[in-house]
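Two complexes follow with chain A in common, the first pairing it with chain B and the second with chain C.
What follows is the complex of A and B.
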């Protein structure tokens, strides 16, 4: 076999391996989706979306949990985005490259790897008890904001770092201050990247159950949140509860709940993608 | 500067646009802030909705949910919320004064009573239903139909760990095939009760069995393993009758029914399914009972909870026992009925004693 033939063979093999790896992920996703849709699609109806939880599987609905999730994730975004982006700007633009900034960086990276249930304990101690926010929507959102923050900060830093130094230098050369450069030049260019990081962080956060259960989110809530002080539950907790019920009919509800959560996620991501494209044009 | 931003306009997000976006975000943020202040002011006022906060055991959750659902129809103004933080977690919140009612799948423990006392919080202990613990095997298992508590102890005792590994070690006439055990996680009230009743000490058990906090996993495990044996709440057997074989228990005591008795709503309620049936409780804060919505909910729980408990797979108390529980509630009897070696006594005895 000539060297050329061997290289071509290697090329084909690598192509095949890459394709298999890609398909593997897709096949798992397809199996998962098929399983969930075959179990739960029949349960999706207007009634399911607008009913409160019930002991009878056929009467039970996702309304309170769905609105709870929307409330919590919206507040989480409002808390995590300004803080996360501001922290990223400080670390990337002002923080320098000294020992201090390395320590902070390592700690934030570590925080991104802390199991989310730990944040639930922190939320219970800090928000629910010490700050006396109770087991309210705002306490849940603050807890989830802690879960999301490290990812938001890290991805925002990456996005800021990817902005060409030439752009910054050109801005300085024209006499702009540091703040003017960040605000008028760097942030607009980094915006799509920051947005992508936010989508990833919030998509992960919306499916979190453990920290919310730990901080004391409820399971049976027969009303939609009517403010940030309201008691609440979220879709993953409702799904978790249905899965653990003895009666099989609740399993269909759980699958339907997962479909609703997936749909919500898709809407969120679609909105963010639309926003990104708008700003990128 | 001006000319530069003009040049950028085609390619990038313009400063004005970004600024408008941020202003918008700030507006939303301040709205939330306003809502926060409004909510905070309202919290202390009289306009707060009448919430009955219930939390605790996952075993009792379906009953509490059913009662809350029906109570809502009678009293639409009351808002009953139910959390699931486990029996122990529920007592922690109860003794911190965070909730009105704590669900327990076992009686309150001495340390929990101390914690409540330290916080100055009293409790009224009210049994609301029975839960039978079903012992099941695979439907293809032809040899096992009845068990004695001694058989179970042989399988589950701490000393069985690593030594009792096949069926014929329990009874010589059973086959020489591997024994696969499935049981609830060590944090569950079902595990606590089973170990107390069978091994004589709460929490004492072998550790080498397949355990899961999710009873459906245990059902799945036994239903697919011809050599398996497991235990969990009767409701989970009832929902999976065709996939499991239920075993009868013979406790050797003729006074509570002769021979081997399988769990059923009747045998659990009349106390002949022994020793694996247990009451489940709600613990009520007497101070919270002063609020009409809490008092209404608890009274409804005792008066109408029986059929609802049955509907979700549990066994109601007898009418006479509900009457005794109602008396206990009306008389605001605080403290626990348990704690002097009477863990296995029947409810009628305990309630009748007037502890």
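What follows is the complex of A and C.
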């Protein structure tokens, strides 16, 4: 074989290896989805969605956990979104190259890399014990808000950065103040981008299990939360609880719970994608 | 509105925004102080030397022993398996997407890989325990129902999208001129990639691998579900082990009263986990900054 042929062959080999590696991820995703749907689809029913957990697998449902997830994620959004977007506005529009914003920036990058289970320990020590909020919806939401905060800040900054500087300069030239420029010009333009980032950040937070378990959220909750002080569980914790049981029937429940969770994520991500397409010209 | 009043409002708004940005510093401060507070209490009863170098971890037994090494070994074992999957596969995916794939393929593949990254970790745990482990048991008869191998492999798939996207950024950062010079000398795409592009992107790729290791060490639900809860100082991937994160979950699920020694162990283990991931993240950032400067 000539050297030239050998080189050609090696080139094809690398191309093939790259393609195989790329397909590996896609194939595993397909197998995972197929496995979960074949295990759990038979359990999905109106009863499953509207029943409380039970010691008998065939009677158990996801209602309490689903409502818990809705309560917690709503409160998480109310806490993390205003603070996160405000922080992003400061860093992007006011921050400049000062020492303070440099420190804050490095800090946020590091916070984004802290394992989420550590946020659970923070929630346990700070919200559950020190502030005596107990194992309540509000303590869980506060914990998840801290998990989501770095992601919210980073994605909002990206949306703000995409706004053309010419827009800001035109506004200044007309005599507008800094805040008037941000409020009337920059934010309306950046809004779809910020919203898309927020939905993606929150959809990732819905799947978080470790911080809530560590904070002390209950795994068996036979009632729906009735306020921010109520005890709660969420869908991923319910799934974890069912997976940990030896009986076959509970495993089917876990798969069905996962389908509900994935459906929730699909709706949120689909909405984000629709928003992005609609405003992207 | 008078000029003075307007200035005042502008100032107030800026300070409010600055306070929100500053809150993130408070979060870091909160993490460090909560962990440090309980860890210091823990070290009043258990010597740091025993904790860091002891080889038996039985904090819940009657014969208590607080050597964290079995948990560290479990964490390193699972992470090493994950990295063995994620690094080659992620790098090859990045090479394919950045150097070989037509734009149309890239547009379809990248969002699908992002879906892989967005799957909740509890779902991967289910997959590892109930699909991958039984599958592996057919090939490896000695494999127990809980083991390090299966969650390690699944975790590798989980961090693959992160590795491939960071590596792809690194490959994109290599100036086009370098590639064109190689082509002009008659190099094939494979020669250009392995002898020019990959060496030039090395610090960016190293940054990606360190970040992936940090993510693997901190990953919780996959190992809590599929690796078992037996702290064991071993490098055997076929038997049940326990990681630092899985231990924290195990204690959190039980009714351990606050203020007891067992309760404090999770903060001491958490501190060790926090410090390790922080050091890895800082190293990764430093490498990435250096990479950016090289081609600025």
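To be clear about the criterion, the second predicted complex is superposed on the first by the 242 of 281 C-alpha atoms of A that agree within 3 Å, B and C clash if a C-alpha of one lies under 4 Å from a C-alpha of the other, contacts with A are read in each partner's own complex, and residues count from 1 in each chain.
Everything below uses one rule, namely that contacts are C-beta pairs under 8 Å (C-beta built on N, C-alpha and C of every residue); 3 or more make two chains touch, one makes a residue touch a chain.
Nothing here was measured: the structure is a model prediction, and the numbers come from that model.
Overlap between chain B and chain C is detected when the two structures are superposed via chain A. Of the two partners chain B and chain C, more residues of chain A are touched by C. Judged by the touch definition given at the top, the superposed model places A:243 against both chain B and chain C. When both complexes are overlaid on chain A, the residue A:98 reaches neither chain B nor chain C.
By the document's definition of touching, of the two partners only chain C reaches A:7; chain B does not. Look at A:75: by the touch rule set out above, it reaches chain B but stays clear of chain C. Residue contacts after overlaying the shared chain place A:219 against chain B and chain C alike.
Once the two complexes are overlaid on the shared chain, A:165 sits clear of chain B and of chain C alike. Across the options 2-10, 38-46, 200-208 or 236-244, chain C meets chain B in a clash only at 236-244, per the superposition defined above. Overlaid on A, the two complexes show chain B and chain C touching the same residues of chain A, namely 82, 129, 213, 216, 219, 243-244. Of all residues in chain A, only 53-55, 75, 78, 81-82, 129, 135, 138, 171, 174, 176, 180, 183-185, 187-189, 191, 213, 216-223, 227-229, 231, 241, 243-248, 279 touch chain B in the complex they form. By the touch criterion stated above, chain C contacts chain A in their complex at residues 6, 9-10, 13-14, 16-18, 20-25, 27-28, 30-31, 34-35, 37-38, 88-90, 92-93, 95-97, 99-101, 109, 112-113, 115-116, 118-127, 129-131, 157, 160-161, 164, 188-191, 193-194, 211, 214-215, 217-221, 224-225, 245, 248-249, 252-253, 258, 266-267, 270, 273-274, 277-278, 281-282, 285. Of all residues in chain A, only 7-8, 10-11, 13-15, 17-22, 24-26, 28-29, 31-32, 35-36, 39, 82-84, 86-87, 89-91, 94-95, 100-101, 103-104, 106-111, 113-122, 124-126, 129, 146, 149-150, 153, 177-179, 203-204, 206-210, 213-216, 219, 236, 239-240, 243-244, 251, 254-255, 258, 261-262, 265, 269 touch chain C in the complex they form. Looking at the complex, you find that chain B touches chain A at residues 1, 4-5, 8, 12-15, 17-18, 25, 28-29, 32, 35-36, 38-40, 42-43, 51, 53, 55, 58, 61-62, 64-66, 68-69, 72, 79-85, 93, 96, 98, 214-216, 219, 233, 235-236, 238-240, 308, 311-313.
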